[in-house]
Amino acid sequence: MKNIRGFASDNNAGVHKSIMQAMKDVNVGHTIAYGNDIYTQAALEKMKKIFGEETDIYFVFIGTAANVLGLDAITQSYHSIICAETSHIHEDECGAPEKFTGCKLLAVSTKDGKLTPTAIKKYLYGFDFEHHSQPHVISITQASEMGTVYTVDEIKAIAELAHENNMLLHMDGARIANAAARLGLGFKEFTGDAGVDVLSFGGTKNGMMYGEAVVFFNKELSKNFKYVRKQGMQLASKMRYISAQFMSYLSNDLWLKNALHANSMASLLASELKDVAAVKITQKVEANGVFAILPKEAVPELQKEFFFYVWNEETSEVRWMTSYDTKAKDVRKFVRLIKEKLS
Amino acid sequence: MKNIRGFASDNNAGVHKSIMQAMKDVNVGHTIAYGNDIYTQAALEKMKKIFGEETDIYFVFIGTAANVLGLDAITQSYHSIICAETSHIHEDECGAPEKFTGCKLLAVSTKDGKLTPTAIKKYLYGFDFEHHSQPHVISITQASEMGTVYTVDEIKAIAELAHENNMLLHMDGARIANAAARLGLGFKEFTGDAGVDVLSFGGTKNGMMYGEAVVFFNKELSKNFKYVRKQGMQLASKMRYISAQFMSYLSNDLWLKNALHANSMASLLASELKDVAAVKITQKVEANGVFAILPKEAVPELQKEFFFYVWNEETSEVRWMTSYDTKAKDVRKFVRLIKEKLS
Amino acid sequence: MKNIRGFASDNNAGVHKSIMQAMKDVNVGHTIAYGNDIYTQAALEKMKKIFGEETDIYFVFIGTAANVLGLDAITQSYHSIICAETSHIHEDECGAPEKFTGCKLLAVSTKDGKLTPTAIKKYLYGFDFEHHSQPHVISITQASEMGTVYTVDEIKAIAELAHENNMLLHMDGARIANAAARLGLGFKEFTGDAGVDVLSFGGTKNGMMYGEAVVFFNKELSKNFKYVRKQGMQLASKMRYISAQFMSYLSNDLWLKNALHANSMASLLASELKDVAAVKITQKVEANGVFAILPKEAVPELQKEFFFYVWNEETSEVRWMTSYDTKAKDVRKFVRLIKEKLS
Amino acid sequence: MKNIRGFASDNNAGVHKSIMQAMKDVNVGHTIAYGNDIYTQAALEKMKKIFGEETDIYFVFIGTAANVLGLDAITQSYHSIICAETSHIHEDECGAPEKFTGCKLLAVSTKDGKLTPTAIKKYLYGFDFEHHSQPHVISITQASEMGTVYTVDEIKAIAELAHENNMLLHMDGARIANAAARLGLGFKEFTGDAGVDVLSFGGTKNGMMYGEAVVFFNKELSKNFKYVRKQGMQLASKMRYISAQFMSYLSNDLWLKNALHANSMASLLASELKDVAAVKITQKVEANGVFAILPKEAVPELQKEFFFYVWNEETSEVRWMTSYDTKAKDVRKFVRLIKEKLS
């Protein structure tokens, strides 16, 4: 199965050729290390054009670190962080948030990976009571781990709830491009403008090699972040190669083209399977993921040709991810295989 | 001064063109993420050929993380770690070791950046006494932060001292290639064979873009390291691009050619300055760094044309680093400038 | 309301006079500090008589510390700890377990404060998968925070589930005496003999002043605990005064008499309220706590004379705790007041 | 040697009888737990009379915790804490400060246990440089671990240095009473008035059973301390028994009488040994400790009758501590023994 484009993870795709070229282009002579170089300054300026001059932005290596360090910057260890039970910070980071921040994570059960004010409110008590971890951050994922997307109004409602309670809103934007593509909006409109305080801005799942940004919409929150990043083992020495990626990714709408394509491939997959009775799509397909329940015995058969992950062993729910380089013919081939195996 | 090759840091150099090509070569289709890919398996096998089949090896993003996570794997928080006062883990990682491991660092004063059994022994007391952080690890840097290199016998003597006291020996090998080039030895002969238990194996300062390896010479020490790496925010999703770098770096003696060249450029610089009375070389030049005391007023003048760092403000000691891409003509130009400014 | 015996908390009661006397009795001359004294040796021997010679036992200051340090001794930071949503370690320790151990707590919803194998199993997945905090400890509270008591069989079933999965069973025994009194068993029969690996053994809520014990039923688990306790800021200098308390508490069945009495007072309170239509007892009364739903408007009226805590604002559920010094006349007076206010 | 008054540690002494009586006196009925009781309010008010109305004061169990939590309140993990190599926080707390705060401790070599501005200045660099742990706190011990006492002017000079650099001054006052007795001053004059920002106020080494206070001279620093204390496992449930001790300790000059006596016993010991040629007193005797170098072979002989600790095995330096209950006859007996063994 070497190098076959499959549906296991958008992390399995390679690097977009424009981004690879951009990395090569900055590979000239010496530049000062640790981010004080012209490439990094340019990339940060480009991002400030997008997110606003009042933002403060830092590059790190990966999404887990963007989440953990962004959260660390806005918490003390006696705080709690409210998140969905399916969120990456709760489910897929091996306890990195607890280890680094010392905070308690409160995992909220959801139907579709999205928090709601009603669900959050259940956890908003014990303020000022020293025996209780103080609720301080709400963390949402956009697009969510279940392939769904928050609307601007939904984000604003959560932000209001947070701020009314002197809490902050964090967004894990590992797949933020897919959400923006879906919403038809610029990044700022559903992040800073909607009340998000700190954002993990990801690109690795959409054509980059490595590198993620932590975006603070209030500089007061980030005033000591350079120390947090260094102590958090996330200050790249040869920073120019991260910066070059972001510069390319954010130029010529590359991020948008990639995301629109990945989303459309997920839509195609879902729509082609609509009439297959044995496949039950379980979540709205709003970004680049398709969740479906299949007959259990069919799973290993399908995985032989296109590897993918089982999301829930018990219910035989699987996750299929599309990516910027998924081809329509890959989808059709996969659909044919599914129909064949399930009939 | 854009992209001028200077003497500030080996981190300022770019990526060797063979390594850049190797990264491009693996940029084909999908591969499984997080290190279960064929490129990573191949790179790890190549490293095991070098370090021994009984080793256990993990890739991380940077040197600070290689040090911190390698130390974390072999300590409990009530342990202490003995290191040189000038060591990177004590001086240049913003407290990352303390934050992540909870351990106490005991910083030993040295003349040349190298620990000795005599200097270490002063800290070997309080064993079994619960009020005292238990000495558990000795950490040495090869080549040292002062541009000096431990001989095999020096390493063996420290390893013996460690093991006699049920302690472990950690080596920060951020510049291990420069040390190997100097010693004329393979990596294994002065690491695992000399008694090193855990090694941070670096390449970024010698032509790579990012990526460092933690090498365990005893699998018992690393049996849970995959969790430490993940929780430590150092598990790369698109691992193949780190692996490709290591594969190229370790092929065709690229690492050695680069290191030999960098070392020779430092030697050249030192030797050309031997007769300049106003420049006092303060450390043996055994790797790719030259430390020298200059008249204080000359420093800013020189920095205007070739940026470099002052190591010690008080004594006006400066550090000049050469790298794999330093040219002899760069050295000669710099020497001419020094002579001109100091005469 | 100065010093009136109320129903707010068993922590509000004073110190039993025999225990106070015992503290005075050891106040003679000098003894070696930090637990190497004859009083501490005697108290530990007494405890080993109860729990078995193969146990290893350490005194700490408070219950939160007994829980946190006991858990720390048996976990690495990449582990998760499964507990009831109402457990003290999740709800009432301000995140101390996360801060000190770095572990993730998985909070399980329960009806009566008691975990069951079925409820736990939902969380037993992701073993060996490095992205997932590794489930490693199940923590139960005996008697539970809801005033209920696990039977020996219930504990054994959970212990088996834990051990089958290479996990460990922790018991928070802040009110272990009340549970033992209820079960009519010695401490060992429903702890070590039932499969508990580590126990927080409390006495402060049953007549002691301060001091709690961490009991390890397997010395392999505690071999470095003396360092954990010291680094955890829980090694008392004048240890003899903790030891004297335990010696007195465990002599002449003082612990049992106190617990039986407290339990009987809770039973009396519950039974006297059985016929009060406006009061709905919500949990089985198996130890020294009574949970009840009252008309919301009555609560402040009652609190004016006997302070107690509202457990759940929304449902107007309150918690009444009895203690070793509660008098039957206190209960009757309180019941009369309730009847008066609610009629 | 049961209960013989020796010279090993002031922690080996018992509890002063007035303090024991005070604990008994508050053992009446129920009081609200966790510090909201009348006894605690009264004790805090008494302390505010001493330290000033603008202070904020919290009780904890022990000195290690007072130090660690006080430091935690005023640091972030990327800070460093400058202290003497002999300080309790560096040498005798098993790494508790590093584990809990994540900070780096910088241990300064001293002759007499006391820091000086000159010695500190060596560590004041790297401000604003993210690779370097940011120097943020200077911690001094009064009386020092070597039995010496800072003058008011010495403290002011260090405080000025700290504040000029936007740093804070912490004082470990485990033996603050002995220092006050020596200086002939009230507590405030050489703490808050001299520029100390946070103080660990101890009493256990001077007649109390347990309990220490953290005194903040600026409420901004302590605004979240109640959470730090709770998460730090130092919030006592039955707080009244700590408060009663402090109330008694601070009444009728009990603290002063005890400290004056202990100091005078150390003076007596030192003066009686002045003429013994084989005993070399190594530190000024300004509080209740005497440091001396003895012939190595004499040490075990002496320890058989009066246990004490060897401070430095190599030089055969020993430490003798006196306490509030040391009798002049104890000193004379010990001196006779020394003379006998050394002649």
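Note that the chains take the letters A, B, C and D in the order they are written out, and that residue 1 is the start of every chain.
Keep this in mind: contacts are C-beta pairs under 8 Å (C-beta built on N, C-alpha and C of every residue); 3 or more make two chains touch, one makes a residue touch a chain.
Values in this document were obtained by computation on a predicted structure and should not be read as measured data.
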Chain whose mean Cα position lies farthest from subunit C: B
Contact-richer chain pair (by C-beta pairs counted) among A-B and B-C: A-B
Averaged-CA centre spacing for the pair subunit C and subunit B, given as whole angstrom: 50
Subunit B-subunit D separation of Cα centroids, rounded to whole Å: 41
Between subunit B and subunit A, distance of the C-alpha-averaged centres to the nearest whole Å: 33
For subunit D, residues contacting two or more additional chains: 34, 77-78, 93-95, 99, 102, 130-131, 134, 227, 230-231, 235
Contacting residues of subunit D [partner subunit A, same complex]: 34, 76-78, 102, 130-131, 134, 224, 226-231, 235
Parts of subunit D lying in touch with subunit C, wherever the complex brings them together: 2-6, 8-9, 11-15, 17, 20, 23-24, 26-34, 38, 61-65, 68, 93-96, 99-100, 204-205, 209-210, 227, 230-238, 241, 307, 323, 325
For the subunit A and subunit C complex, residues of the former touching the latter: 77-80, 90-95, 98-99, 102-107, 125, 130-134, 313
